[in-house]
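These are the structures in question, set out in turn.
Next, two complexes with chain A in common: one pairs it with chain B, the other with chain C.
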Partner chain A sequence: MKKKQIAITLGIVCFILTIAIAIQLKTIRNTNTTISQSLADNALRDEVLKWKEKYDVTYKELASSEKELDSIRKEATRNDTTSQAKQEEIKQNNMLLGMTNVQGSGIEIVLKDNLTASNDPLLTLNPSNVIVHNIDLIEVINALKNAGAEAISVNGQRVVPTTSITCVGNVIKINGQKIGSPFVIRAIGNQELLYGSLVIPGGYLNILKDAHVVVEGPNKVDHINIEKYDGVINFKYIKSR
Partner chain B sequence: MQKEKKDYIVMSIIIGVVCVILLAVMFMQFKTVEETDITAIENMREVELRTAISEWKTKYEETAEKLEANRKLIKDYQEKIEKNEETSSLIDYDLKESDMILGKTDVYGEGVVVTLEDNSECKVTYSDLIELINELRYAGAEAISINDARIINMTEISQPNGVMTINSETRVHSPYVVKAIGNQTYLSSTLNLKDSGFIDTCRARGMTIKLEQVKNVPILKYNGEMKTKYMMKGEEKE
Partner chain C sequence: MILIAIVIGCILGAVIGISAPMIPYTYSGYLAIAIIAALDSVFGGLASTVNKNFDLKIFVSGFFGNAILSILLTYLGQKLNVDIYLAAIVVFVGRMFNNLAIIRRYYLEKWTNRNQNQTQEQTTGEEK
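== the complex of A and B ==
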């Protein structure tokens, strides 16, 4: 009787251990492949870091050269009022292009993927509708521009003449940078117009709300800081007459 | 009877100890496995790594070029100051470059012309045009116009009461001729992407659309004023 009991216990323990070992072997096999893969990829990884570092260094130099250029322009033009006006115009152009940090009054909107809607049994929603797409961001930005926005940013990325918002798989990219939900859109301009253009019945924000995307705001903010574009606009194909 | 009980206890203890040791070893191993995969770069696969390299490389090269141009300009200014020469021609050149990027000058260059037309089956909407602009910019377009209305940074397209309006003032009608200057190959291959590209998705909806590569696309300047009223210079952080 006792022997039987022992045999059964031992059997159970052995069984559990075998399963555990089998699981472990499987996990180890998986990690082994990643490890060998990562060994092969290490050189590539180093190269990514190398180019990133090179870029960072050059970008810093560029920022300081930009400042130097500003001050030398000022110095070179101080004796001539027409040139001085032109120098001011260049500064204004750079601000319009998005190459400087700016501040002012405006609004802020937050768009979020709706993660709870798909669990709600009362709502039979297409999961693709409740998340924020690149098109949604483009439409909201277009509406803001329509209301006379002077500067716009999405998750800190300034909207400049070269800005595109694309969707590759599940990743949204703006200015080549990956961003994800929540999407914080800031705009400087006439608060009333910006606000009005977004909350208008049939406006794009309401379309998003009806689709059960989470929309926070628009909130009027009296002091908004919008950062400059952190890339370079370097045109090669256009020529002036 | 006594002996049997003793054996039983010893056996249980041994099994217990072995189990504890094995569990400990297992947890240690699982933990190590967990720790091996963190940080973003370390997890990238080969293809992603190669894309990352080329992305950073392009960014670096563009930054380096721009830096080079800036340095040259600084040097030119310095020379003028040292020699006490007139700076007006230099500042004119400087301003012209910046006006060109902004869209204040007529420009030309290689590029593509996309023509979208309403038909009985499918009408072109403002959303189609803003999506097309987005696609063109993604493909590196440097200047864009629709029916000769220049698209600048803050350009919007709306359709109040069905009338297509650019920048709230210029009305445009079908056919919409969208001109873009940039690398012809990039521009046309991005738009022509099979099935998921802009042209194929529009055709699937029944729209009349065609794309031509053009050696010399002329694009007119933006005619309006670019005023700022609410935006002020922000603090520069270092």
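== the complex of A and C ==
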């Protein structure tokens, strides 16, 4: 009787054990085919995270140092009208260059890759047509600039004089940062002019819509916040004449 | 008898396990540690059977308790970024070897005893 009991319990435990082992084997095998789970990969991922953290910390330090510098400047120029005027000028220039966070009324427009196009046999002939290219962003930004936009950003990346928008495979590189669909373009300026420049018949948005790219907007927004350019503009070769 | 039950359990488990659904990769680490705990329990059960002090209550509570504790430890280790599950594995595998040693000794003794008996019987038979 006692032996029977032992046998049954051990049998049940072995039953559970083998089920677990079989499930585990299956899971591991499947995972290895879809995601490479080697140690080297994990180490690299850790490294990337560490560097990113370092970058964030340094970036925060930079922001606090800038604030400090600003307050020191204010302190130094308090009792001096000429340097106060200079200070104002520096501020103004920084705003124009895109080195400060700005806010104002303007428009927002979202461009997206058309993911449902695969249902349409006509569109699948050339999938390149239904995705957003760097050229599309450049054309839209150009139209906005032409309409007098004072500040433009794409997915949080400020458009400054040194900005380049290039195609790198399936993503777009802007200001050295890779961004992907959806592309949120924000612009501050005269709302009517900006809106009109985009929806004008024969304008670039019409072309994009005809190509079946998903276009949301343009929407007029009263309070748009545009982030500052978070890089550094260095000049090495130009000199004032 | 015990061996037959284990074999039947393993076969049934393998058959059902093959057709069982997969679990997400996140949880496979926990399942792995639970497997080690269960394996340890099986060896522990065998060893106690050999020692003739098998207790069903102790065995079942040990089986579930070990598995749950080791899973919790693994979870805690992941949260703390320390590989605590290694400690659980070391303990379980170490105990497995201990239990295996007990089982091995028992059967070796049995075998040598039988051999001795046989030789004794042979010698007594010759004397007669």
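Observations on the model:
Just so we're on the same page, the second predicted complex is superposed on the first by the 154 of 241 C-alpha atoms of A that agree within 3 Å, B and C clash if a C-alpha of one lies under 4 Å from a C-alpha of the other, contacts with A are read in each partner's own complex, and residues count from 1 in each chain.
The working rule: a contact is a pair of C-beta atoms (placed from the backbone, for glycine too) under 8 Å apart; a residue touches a chain by one contact, two chains touch by 3 or more.
What you see is a predicted model; the values in this text were computed from it and never measured.
Between chain B and chain C, more residues of chain A are touched by B. In the superposed model, A:Asn190 makes contact with chain B only, not with chain C. By the touch criterion stated above, A:Gln24 is placed in contact with chain B and with chain C alike. In the superposition on chain A, A:Leu10 makes contact with both chain B and chain C.
When both complexes are overlaid on chain A, the residue A:Gly104 reaches chain B alone and has no touch with chain C.
Contact with chain B, but none with chain C, is seen for A:Asn225 once the two complexes are overlaid on the shared chain. Counting contacts as defined above, chain A residues 2, 6, 9-10, 13, 17, 20, 24, 27-28, 31, 35, 37 meet chain B in one complex and chain C in the other. The touching residues of chain B, when paired with chain A in their complex, are 4, 8, 11, 15, 19, 22, 26, 29-30, 33, 36-37, 41-42, 44-46, 49-50, 52-53, 55-57, 59-60, 62-67, 70-71, 73-74, 77-78, 80-81, 86-88, 90-92, 94-96, 98-103, 105-111, 126-127, 130-131, 134-135, 137-138, 140, 142-143, 152-158, 168, 181-183, 219, 226, 228-237. The touching residues of chain A, counted against chain C in their complex, run 2-24, 26-28, 30-31, 35, 37. On the side of chain A, the complex with chain B involves touching residues 2, 6, 9-10, 13, 17, 20, 24, 27-28, 31, 34-35, 37-38, 40-41, 44-45, 47-49, 51-52, 54-55, 58-59, 61-62, 65-66, 68-69, 72-73, 75-77, 80, 82-83, 86-87, 89-90, 92-98, 100-106, 134-135, 138-139, 142-143, 145-146, 149-151, 159-166, 176, 188-190, 225-227, 231-241. Note for the complex: chain C touches chain A at residues 1-2, 4-6, 8-14, 16-18, 20-25, 28, 31-32, 34-35, 38-39, 41-42, 45-46, 49, 54, 56, 59-60, 63.
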